[in-house]
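Lettered A, B, C and D in written order, each chain numbered from 1.
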Amino acid sequence: MRAFAVLLFVPAVALAQDVEKVLKRDFKARGQATMDRVLPDALQRVCNETNDRPPAELAKTLEADQMKTIAFPAGSLIGSWQNGERIAQGGRGLTWSDKPGGPNDGSCYNCHQLSPKEASFGTLGPSLYRFGAVRGNGPEIQKYVYGKIYNAKAYNLCSQMPRLGYSGTLTEAQIKDLVGLLLDPASPVNQ
Amino acid sequence: MAGPMKMRATLAGGNTEVRVLMTHPMTTAQSGQPLHFIQTVTVKQNGKPVLEAQTSQAVSRNPVFSFRLKGGAKGDKIEVSWLDNKGESNRIEGVVA
Amino acid sequence: MKRLSLLLALAFCVPAPAQDAKKEIQKYQQMIADGSPVELFEIGGEELWKKPQGPKKVSLEKCDLGRGAGVVKGAYARLPRYFKDADRVMDLESRLLYCMSMLQGRSAEEATKRVFGNQDTPSEMEYLSAYIAGQSRGEKMAPGTTHAKEKEAFALGEKLFFHRAGPWDFSCASCHGEENKRIRMQDLPVLSKPAAARPVVATWPAYRVSNSQFKTMQWRINDCYRQMRMPEPVFASEATIAVNLFLAATGKGEPYRGPGTKR
Amino acid sequence: MNSLRRTLLGALALTVLKPFAALAAWNNDAFGAKSAQDALKGIGATGAAPSKDIVIEAPQIAENGAVVPIEITSNIPGTTSIAVVIEKNPFPLAGKFDFTQSALPYVKLNVKMGETSDVRVVATAAGRHYAATKEIKVTIGGCGG
């Protein structure tokens, strides 16, 4: 009863600006989804404040900061496309109901078309069908794909694509496997 | 005790349309739960069986069936009953509206 | 350059069958709605509505859902709204908690112990939502939008809708912000726009065939935040009611045709 | 013992008018069969001829395999039975519907499909079997709804 009264007599938020305060008050940690997640980082704050349209100069600076978070492995970045296909299909990772410590997946098909064999693909992101067939698979494009998956915000500050490496969702080896899925000429994506 | 059933029997195009809803888990052998599913469904029109179904675990949870009976009139008594693999059963009676 | 872009267009264009796929999915949705067991949950909800419970051993039949004590007909279509007795905006679930406390003498702790059920045992909230929402069929959706606190809640809900946070930088708008997009095969309505919000708010709460469970709007919001990789919103908290009101007010005017049946 | 099935084997059309005398025992063999062929053998409905007079109304794409709605109408005169077989399910036979003359050979139901599969419907009329098939694709869903 007392707990309920507290719920009832919380004063209404005067201005919607204190969204962060509301989030801190009305959300609770569960599983691996701890409360530090409601606090936006510098990038999120800028994107929130500018409706995802940051001033060009600022965007450039912050994108450069994001680029610094990417540690590009040496050598070929093309891993196993077969593993990559499994990682692209799966959606596990980082929710309060997922097992902490993984294994996690990339959720790629949620937003992208990849292998033509998978008819159930999302369209939030561009189609990646024939991505490597069109662009080749040299070191430059390998680096771009690896970096984009590791931290999409290094290339487009307010991109809707998660920072899959930076957020700890995917490992270096997993991202390489996804690079393989996109760039390996034998991958179904390039058939 | 079996959960609720719901039935609607209406006249449509000179025939009787029977739509019946059943509360049932319809668990499969693959689900890891004990196999539990409806095996037979019987429809009676004015006390006379007119349709009999045998069903498997492949019928979806909380089964919904539509059947059509020839002719019929307002006030006809329709009864639908089911029996599952554990011997549980349920029935519902209604009149054609 | 022109040739390249043509090549790209050919390589990346959505194949013609996608149109057919969309039509077939609409057909699927139509057919599962026609063959929905949703009324079974309405029956269960009506029983719970009338069942004496709590320390005071009374039913919820005297609960005022906004249209007067005990009036269920059309009540859901007018929620969320401001309630003078509680001096706050409430959605269906928070109002039910209020009645469980005031009428039945139940603690918030007890009443919220199990708000989300499972296949085998739906929760009390789920049953009650099914029954109460079902009593608004055909009623135009008209949540509260005029009281100062309703306006505040709407503004907060809108802010929350667009607020990006969490390890994946998602807001509600990350998925529901652009026209003609989908996750896997599921169309994503732009919920900040009336045309897209209307059919959505007119069909929740809903039976979900993917897990054969009846789900409330509070659950829908909760599960979106889960998939946004955020911490869990407190059930019936101000934030969740604000998001709910923002959606309901954006989609107002549509005759209610739920409880719906969803994938 | 006076089951509809046995009466039909004798093809005594007139006796079809008789209502079911007793609930027939659940067909263990047919429902336990792991192939469509064995399932059809189990209900004595092998060698069905293709027929356009069986109408299967179902979406070509199911957003979820847990509930796939199927509506079946047999326009074959004298249809007394309709069987629904989901070829790729672990146990393909989903249901068998027996109609007296007071019921129309029609049923609408929801079935589970483990994966994309042909759904075969076999109708029986005067002891002869007819079949129609429709492929239903089962897709992987996103979070929506």
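The rule we apply is simple: contacts are C-beta pairs under 8 Å (C-beta built on N, C-alpha and C of every residue); 3 or more make two chains touch, one makes a residue touch a chain.
Bear in mind the structure is a predicted one, so any value in this text is a computation, not a measurement.
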In terms of C-beta pairs in contact, which two chains are most connected? A-C
What is the distance in Å between the mean C-alpha positions of chain A and chain B? 48
So the centre of each chain is just the mean of its C-alpha atoms; given that, what is the distance between chain C and chain D in Å? 37
Which integer distance in Å separates the CA centroid of chain A from that of chain C? 26
Among the residues of chain B, which are close enough to touch at least two other chains? 60-61, 63-64, 66
Residues of chain A engaged with two or more neighbouring chains: 109-110, 119-120, 122
Expected list for chain D, residues touching two or more other chains, is 66-67, 71, 108-110, 139-143
Pairs of chains in contact here are A-C, A-D, B-C, B-D, C-D
List of chain B residues in touch with chain C within their complex: 3-6, 21-23, 25, 60-64, 66
Hey, which residues of chain D end up touching chain C in the complex? 58-64, 66-67, 69, 71, 108-110, 139-145
The chain C residues in contact with chain D across the complex are 20-21, 24-25, 27-29, 31-32, 34-35, 175, 182-188, 206, 208-212, 220, 223-224, 227, 262-263
Give every residue of chain B touching chain D within the complex, in rising order. 15, 26, 28-30, 39-40, 42-43, 45, 48-61, 63-71, 83, 85
Residues on chain D engaged by chain A in the complex (per definition of touch): 137, 139-143
